[in-house]
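Same chain, two partners: subunit A is paired with subunit B first, then with subunit C.
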Partner chain A sequence: MMLNRKNKVVAYLLVLPAAAMLAVFVLYPMILNISLSFKDYSMLRTTTKTVGLKNYITLLTDSRVWQAVQRTFVWTFINVAGALLIGLGAALLLSNGFKGSNIIKSIVLIPWVLPSVITGYIWALMLQEDAGVITYILKSLHIVASDFSWFRTGPLSMASAIMANIWRAFPFFTLMIFAKINTIPSDQIEAATLEGANSWQLFRFVTFPFIRPTVYTCTYLCFIWSFNAFDILKVMTNGGPAEMTTTMSIMVQREAFQFFEISNASTMSVIMFVLMISVILLFTLLSKLVRRVRK
Partner chain B sequence: MKKAILFVSVLFIVAGLLFAQAAGEAKTGAKKEIRVLLWDSTYNSTIEKNGIEEKFEAAYPEYDVVFDKIAYDDLDKTILFSHASGDDYDVIQVITTSLNPLYAGGALAPMDDLLKKANLDFSTWSPAAVKAGVIDGKTVGLPFDPDCRILAYNVKILRELGLEPPKTTDDMLTIAKAAYEKLGVYAMAGQISKNVFCMYDLGGFQLCFDSKVYDLVNGKYTALLDQPEALAFVKWAVEMYKYMPKDTNINDTLARSMFAQGKVAMLWWTPSQIKSVIPQFENREDLDFSVMPVGPTGVRGSAMGGYHWGIGSGSKNKEAAMVFLNFALQPENQALIARGLPADTKAFDYPPYNVPDYDMFREQLKSSSYPAPLISLFTQVAETWNRRFQEALLGTITPEEACRLGQVEVQAILDTYAY
Partner chain C sequence: MKKNKQLSALAVNSRRSSAGHRAALIVFAFFLFVLIIFPFYWIILSSFKNFLEIFEVPIRFLPKRLDFTNYVEVFTEYHIGTYLINSVVITISTVLITTTISTLASFSLTRLNFKGGRAFVKFLQMSQMFPVVVILVPLYLMCTRMGLVGTKSSLILPYVAVQIPVSIILLSTYFVDIPKEIEEAALIDGCSLFQMFSRIMLPLATSGIVAVSIYTFIQVWQEFLIASSFVRKSIHYTLTVGLSTFKGEFINWGGLMATSVIIAIPAMILFTMSQDFFINRLAGSVKE
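Here is the complex of A and B:
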């Protein structure tokens, strides 16, 4: 349908507020951030000059940055995989409609609605060496040594934060996948059952193809959220011990709000953005390729 | 109905106009406003509790002092952002270690000219605290809440171990080992993950080894981690950490609570803990203090910290700001406002500091010093060294490696300092 001139004007006018908001609150900060990455702006100096690619060269040759990149990917992939598997499992379980599933459906949402900072504090308290309930139980049952601490080493600290983040993130997958499962046409399931499909085959050939787009969308979103996650790590480990849980987000925050080196922080966030987009593009290309090969 | 709506609308418009006019008139004859930015804990624990606002406004009726409270972690950020947006505060509570960075960022105003009109005698003040507020020969901060560390210990634990209170850093290790191995009690506890841990908490004992992370040497800021004293300290800290909780993210509140519960034998003790931790002790007699122990070379060091008042460089009310500071820094008011210790020794004659709990601090404050020169790179150096310090404590690198790597990394940061 062709829009006449008057309708076009109205359409543009209707889009204008949203476009203006996006320009002011998304586009302008992005452009400013990129431009700052080519300067040496620090809030602790009164002068600023353009330094070209110096910030990028300095940061990309800094082993601490690469270690943070590595940790960011470890953190992100384990979180996404964990949340996806548990979320999918929980959704399938709930879709069976067992007794009490309605109550569980409501309860399962609690971690998702809690602010991530609160989640961080709760888990840090539960895992705390001296008074944490989880550590206490593990010590009482002699599963761990009496001087065991979740925050003693880098890998254990990272595992603790990942546990907390998965606990917070999986209900999102559960909710979305459960909603999608509920819309599977019953005739498809009935037909598959009549053909003699077992539970696994039913999932593999009926349920999963139907929920795949939802799983992909949720995975993308979870990937972006986890990649940028800051609060849980900040609260639970503060990037420690010895920077062994310092991810890119923690580094950006530290450069910007502890050292007030705004240009360094901007450069890091541009690098983060590029890395994130690259992974998403790679994932999209791979999934297209897989689909093409299958066809 | 329409008439009623019209009548009510007209009534609201008229009332609004009258209110706006009255507000305008009130503003014309209004008092001069003094905007103060401070840490919420300072406001809640002393300023509000002791009625400082009312006292000041009663003494100076022409002024209206307004306090903006902010969380500790957001203090520097808020000062810099308010300055960057041209909305500077008149009076600012500045963390002493942030004085240099904030001055370098142009957020603090020199106040020497304003001080000439004030009635302040610095001869009885802590010289180190006063000196910390002077940058490039200009006074940019006035100390009002400095602190220093002394050593607190659990008398009951020491009695059970048959040991005397520690006098040296070696005594501390003896107590630490015995407490942990015989009673299952931790030697000390603290938040390793915070960046000042290597400067103030366990790191504060470095001063007892006559060592600093960096210092001004021949006019140049130089890393001193390659010195034998620094290595001796790191080795001591590694040994001490064996008997401390392994939870690297234990927070200070919890660590102090563990001390009060008798789960920790010794603790570096700051003045603010008198009000917050002593009440947690079931038996007050279990707690006693000593000045900091002496290290291998006979030096007794105690790390100073605390807060200064500053005036915002963009403040349009600098004279009024100084009027408030002059009031707040009088000994009797300093005693009411400080959370840690007052900077003026005369303030120790006023409540709440005129009790024996503070005697040890009064003594220790005289010989206390800042753990390293408070330059704008202090936080960055602390963060960088804390990584190597933690690695040594956790045993992932040796003390020698920690000092070697720390020396290179800290010096690289110091080399960027703009003299």
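Here is the complex of A and C:
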């Protein structure tokens, strides 16, 4: 629409509240966060002084921080891979259009709508040592020993939280990929079927190339969500046992709101953000490179 | 029509496959169904169990009776009523503010071409992905300085800011859909900018505005990171934070699950009301 001078001002005024909110409550905190990471600031002390890179050096030489970084990557990788595989599988399954697929389609997003804290609690209950229904079934079938517990060791605790998180994340993949599969031109499928393509070939050469962009986008989103995930881990393991499931977001939150070590928390969150952006950039570069090599 | 044809092409493909293949499909589908539904069933079932029944072995898979004791107790013995009011006030305020601000902005961004609009949309798309953990600490310091700690504003303001980008992006998809001819006709008829917005654009975008509000509601209703970090006194807890009050020496699972049902119901009802939005719009607006 063409605007006269007065209306041009109105156009800016309409965007102003949104821009102001974002500037004050997103951009400014981000800058403040970086500046805090160069200071020695704790809520337990009254003095604040600039210390340069000291916080970064202290944290990056601390093995607990490195372990948290490692755990964050393990947690993120398994979550993304699991949600992608199950989500893609479910989408392909639904695309077969069998009886009852409509029912599943209408309920598939429900885990994604259930508040994540509740997801954490219900999985904690189902995996509970004595009376958790999943543990109980596994014990009755003698798949696990009778004194088995999910929450005694680090890897198993991590596995429990990952199960809950994948259960929450995979429906998003399913729905997005399924929506995309539905837009595959029918002549492509017919042509491939006529030429005698089997299901695998159909998937490999027709379906997958078509849905690839959606798969990439969902994977990217799921990576960001998992990397910063907090709710489920906090509720199910709270970083334990013995710090074995402490990821970076759990650590940042605890440094700030339990130990009041503001500078430590800020520095760690900056490190976290830089790592996240690096991974995204690395993958963007790699996928560009792959595309160029293919051509 | 076109969609049906495509679906049937896929269906033809599956019809040709063998009986074994079909049996496998049914088994997988059943497994998927159980995987999705079972945890929900377990929440509801457990909410009817008393403390002893939760730990009863062998486990019962069907309710013995519909015992609403837990639902009563969470209000009488715990303070779920207070948390419920806190959550409702905070969520509704956030939704109203976010939707108002975003509707104005997306009208301007999609309908009035102005300098810098494109750049702003780019900025929104980036900040949509922005993790809250990274601004958690400075936000808290800001709230302390502004004397907001312990007030509902300390949650509402960050929530609004975090929700605005997604809200604008989703709302824009509705405003873009309104044909240009309608807008031109209105201008020829002598509508002012304000009249065009209030009499023509708003009514046409209503379904979208409702759907996006519901999306915002569901997001804010379940927020945990900011709420559990900023809120210190238990009278200010929101529902998701209040769940932790069931953890004592032992966890009162029955009460916890009854409260979970109470928390889940509004989200589920709203979601069911706007399923079309979630399935079509959300899928469409996830950019590639």
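The rule we apply is simple: the second predicted complex is superposed on the first by the 277 of 295 C-alpha atoms of A that agree within 3 Å, B and C clash if a C-alpha of one lies under 4 Å from a C-alpha of the other, contacts with A are read in each partner's own complex, and residues count from 1 in each chain.
Convention: a residue touches a chain if its C-beta (ideal position, glycine included) is under 8 Å from a C-beta of that chain, and two chains touch if they have at least 3 such contacts.
Quick caveat, the model's predicted, so the values are computed rather than measured.
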* Asked: Taking subunit A as the common reference for superposition, should the pair subunit B and subunit C be classed as clashing or as fitting?
  -> clash
* To do: Scan A:240 for contacts with subunit B and subunit C and give back first, second, both or neither.
  => first
* Could you tell me if A:131 is touching subunit B, subunit C, both of them or neither one (first, second, both, neither)? => both
* **Contacts of A:152 with subunit B and subunit C, given as first, second, both or neither** => first
* To do: Once the structures are superposed on A, label A:144 by its partner contacts, choosing first (subunit B), second (subunit C), both or neither.
  => neither
* Is A:259 in contact with subunit B, with subunit C, with both, or with neither (first, second, both, neither)? -> first
* **When both partners are placed on the shared chain, which of subunit B and subunit C touches more of subunit A** => C
* Contacts of A:51 with subunit B and subunit C, given as first, second, both or neither -> neither
* Asked: Where on subunit A do subunit B and subunit C both make contact?
  -> 130-131, 257
* To do: Quick one: which bits of subunit A touch subunit B in the complex? Just the residue numbers, please.
  => 42-46, 124, 128-131, 147-153, 157, 236-243, 254, 257-260
* To do: State the interface residues of subunit A toward subunit C in the complex, per the touch definition above.
  => 1, 3, 7-8, 10-12, 14-15, 17-19, 21-22, 24-26, 28-30, 32-33, 36, 89-90, 93, 95-98, 100-101, 103-104, 106-111, 113-119, 121-123, 125-126, 130-131, 133, 136, 167, 171, 175-176, 179-186, 189-190, 193, 199, 202, 213-214, 216-218, 221, 224, 227-228, 230-231, 234-235, 248-249, 252-253, 256-257, 262, 265-266, 269-270, 272-273, 276
* Structure fact -> Within their complex, subunit C touches subunit A through residues 3, 5-14, 16-17, 22, 25-26, 28-29, 32-33, 35-37, 39-40, 42-43, 46, 54-59, 101-102, 104-105, 107-109, 111-114, 117, 120, 123, 127, 129-142, 157-158, 160-162, 164-165, 168, 183, 187, 193, 218, 221-222, 224-225, 228-229, 240, 243, 253, 256-257, 260, 263-264, 267-268, 271, 275, 278-280, 282-284, 286-288
* **subunit B - residues contacting subunit A, complex** => 76-77, 80, 84, 101-102, 104-106, 192-195, 245-250, 254, 258, 263, 376, 379-380, 383, 387-388, 390-391, 394, 396, 418
